[in-house]
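First the structure, then my questions, so here it is.
All chains are identified by letter, namely A, B, C and D, in their written order; residue positions are counted from 1 within each chain.
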Amino acid sequence: MEDDSPQERWRRRTEIPLAIGSMLFLGAYATKVLAPDMGPGWHHFFMAVILGAWALFAVDYAVRWRMTGSGLKYIRTHWLETLVLLLPLLRPLRVVRLYEAIQMRHGEPRLSLYARVMVYAGLSVLLLGFAGALAVYHHEHLAPGADIRTFGDAVWWTCTTLSTVGYGDMAPVTPVGRLVAVGLMACGLGLLGAVTGSFSSWLIQVFTLEDAKRRARGRR
Amino acid sequence: MEDDSPQERWRRRTEIPLAIGSMLFLGAYATKVLAPDMGPGWHHFFMAVILGAWALFAVDYAVRWRMTGSGLKYIRTHWLETLVLLLPLLRPLRVVRLYEAIQMRHGEPRLSLYARVMVYAGLSVLLLGFAGALAVYHHEHLAPGADIRTFGDAVWWTCTTLSTVGYGDMAPVTPVGRLVAVGLMACGLGLLGAVTGSFSSWLIQVFTLEDAKRRARGRR
Amino acid sequence: MEDDSPQERWRRRTEIPLAIGSMLFLGAYATKVLAPDMGPGWHHFFMAVILGAWALFAVDYAVRWRMTGSGLKYIRTHWLETLVLLLPLLRPLRVVRLYEAIQMRHGEPRLSLYARVMVYAGLSVLLLGFAGALAVYHHEHLAPGADIRTFGDAVWWTCTTLSTVGYGDMAPVTPVGRLVAVGLMACGLGLLGAVTGSFSSWLIQVFTLEDAKRRARGRR
Amino acid sequence: MEDDSPQERWRRRTEIPLAIGSMLFLGAYATKVLAPDMGPGWHHFFMAVILGAWALFAVDYAVRWRMTGSGLKYIRTHWLETLVLLLPLLRPLRVVRLYEAIQMRHGEPRLSLYARVMVYAGLSVLLLGFAGALAVYHHEHLAPGADIRTFGDAVWWTCTTLSTVGYGDMAPVTPVGRLVAVGLMACGLGLLGAVTGSFSSWLIQVFTLEDAKRRARGRR
């Protein structure tokens, strides 16, 4: 925790700017996608915000790479960071981490383990779901033969996908839309795993406690 | 358990009236939705029951708020109670709690942990499924282009949603219907978690027991 | 294990006849449903087999009821037996129990706990899936507007339901077909729970073993 | 580990040739399916590769059978090997095993248990999904009334099936395609089990650690 390496210091100092950059990126992307009819001035403004945020991420990535001193190997060992650089819509997940950091700064985490897993899973799913719905809407709503025509449709489709229900009353038809969909399905599987896993481990814990109590009572 | 604070006493005393109020609310709502052709007299009667039950919930909420003595913070810390006040169709879940309380009053719970989880999950799913089917039927059956035309359709659609199967032979098309659907999907995920979790913890328990037996036998 | 009450002796003695009766019931029902064009003689023969098997189940149920000496309470406390009497297509599940009994007679169960759970879940799903596909085919294939026209369709639909995939390229449209479908969905949830639960408990066991090994190595 | 029976030596020696054979088989099959318009010379070449790889598998199976010295019983006790001989598209799963073996040869496995489960599940799903998409495309794309017309469609359909989402915007219509689909559904269930199971056991482990820490702190 009291790690004082340059990397760690960099991480701590860039934490909040990067989180703000992620939010700006998501907000500007959302505005550009959802309000395409705004004047060209606004258009350029939001484009600048998007590119600025991306530049911020790229600089952060470059500085980290430099600090480790490793060559091209860095791309392989830090494939997750590389992926997030290329798909900046995954960025807002950092907010979850920031939330955790803030919680930690206040001493012990105030929530129990299960509550924390639920809160993190919930936040991640909300952010990823929003980003996914945006991306799918962006690539689908003008495609010929598409079912997903409004942003409301995209949100509804995202919910059916994340819960693995999959009615199929609407489904993406473009390659990019389907790629995003596969990502959302993976999130859905993970969400299912998180819900089931926390429930199951909670049950096991309750059972172990009850068992211990019964044994303690029997001993007296 | 022997908590004698005013809040606790209020909770104990209002338990049964509130449960009855919830059942009346659900019953009156169901009758209004499923039998829209009854005379205006009956119509007003059921409307009165619904409003009366709602008033009961509001009074209970207000009294609890007063008792804690906290200001607007109450809404944030008791967001679940606030949500249930706004969506009274979630109320009947109290019956599950009442059932548990009755079980407890008879001394030790008579059912094992797994049976209890199954019974609670089953009851909750039945009540939520019924309320969800009602709400979806209410908002969908007259919408243009809707697939859910009869209450039977709504029940069938609810089952496919709760089990996360999701055929998609019918799907809600109105915003409210889709909002209810998202709630039901969340319940479906929870149900899956309950089934899987109890199965998994039961297996682990059985395995631990078998292991202990084998070791005990080996020691002799 | 060495229980010698009359009930237990009755159970042991009727085990094999009842299992044979269940298989005959399933076989005769399957033949009647899948080969409706056979001559009236065969028709009557299979009907007789079905009714004879059912009579066997009823006699067994009555004798058990008599033996316990309890009145109408029996129906409530043995609701599972009552249900199986009314829905004899659930009977073949007894074969799973018989398989277990045979395994036990050969001394210790030869399969590990996980393998046994897998074998039981697999056998149950196969039998229930076959019975469900038969029942759905029986009630759907002549219904107006039905998608499930051949027994192959019914089997395919059953598989998509049991795995909770639910494409919806075909879905039951009759009330009875949908009732059977809801039962199959419940089985699907259970199957998912069994697979997930055994995987999870197996992982936990492996982890505990690895942990113990590492600690033992550390101690040396 | 230091098993030096002839079977074990055979297994070790054939490991790499068989893995290469599997890859060649998959590659040749994929080329034949995806590029049906190549000249007859290439056609015969890939056919020869497929048959040669199959012959390799058959020889390996025969040698193993011989070595055990058991008669027809071998088919029953080694049903998995027999199945894989008949469905050589399942072969590439050996690569997962080879990967494990290579990991092991480098001393201790370098990945934690959860990471290993994730890597194996991911690799298996990728390989099975690719093989399944190929097989479904092969049997569906020319069938009358089929929805799966391009290999892209087949991959997209495979993803919706493996995640148990199942939109149903496309579904196999031929018997062979449906058989493959049922296999993929089973894989999907297993994948769900792997994700959920590892998440749940990871949570339990974290909880146990936290608990131990808290107790250790309390003791001081």
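By our rule, a contact is a pair of C-beta atoms (placed from the backbone, for glycine too) under 8 Å apart; a residue touches a chain by one contact, two chains touch by 3 or more.
None of the values given here were measured: they were computed from a predicted structure.
Seen from the Cα centre of subunit D, the chain whose own Cα centre is farthest off is B.
Of the chain pairs B-D, A-C or A-B, the one whose interface repeats that of A-D, sharing more than half of its contact pairs by residue number, is A-B.
Chain centres here are Cα means. That of subunit B falls 42 Å from that of subunit D.
With each centre defined as the average position of its C-alpha atoms, the distance from subunit C to subunit D rounds to 30 Å. Along subunit C, residues 160, 164-168, 192, 196-198, 200-201, 204 each make contact with two or more other chains.
On subunit B, the positions that touch subunit A within their shared complex are 113, 117, 161, 164-168, 171, 175, 178, 181-182, 185-186, 188-190, 192-194, 196-198, 200-201, 204-205.
Looking at the complex, you find that subunit A touches subunit B at residues 152, 156, 159-160, 163-169, 191-192, 195-204, 206-207, 210. Taken in their complex, subunit C has these residues touching subunit A: 164-168, 196-197, 200.
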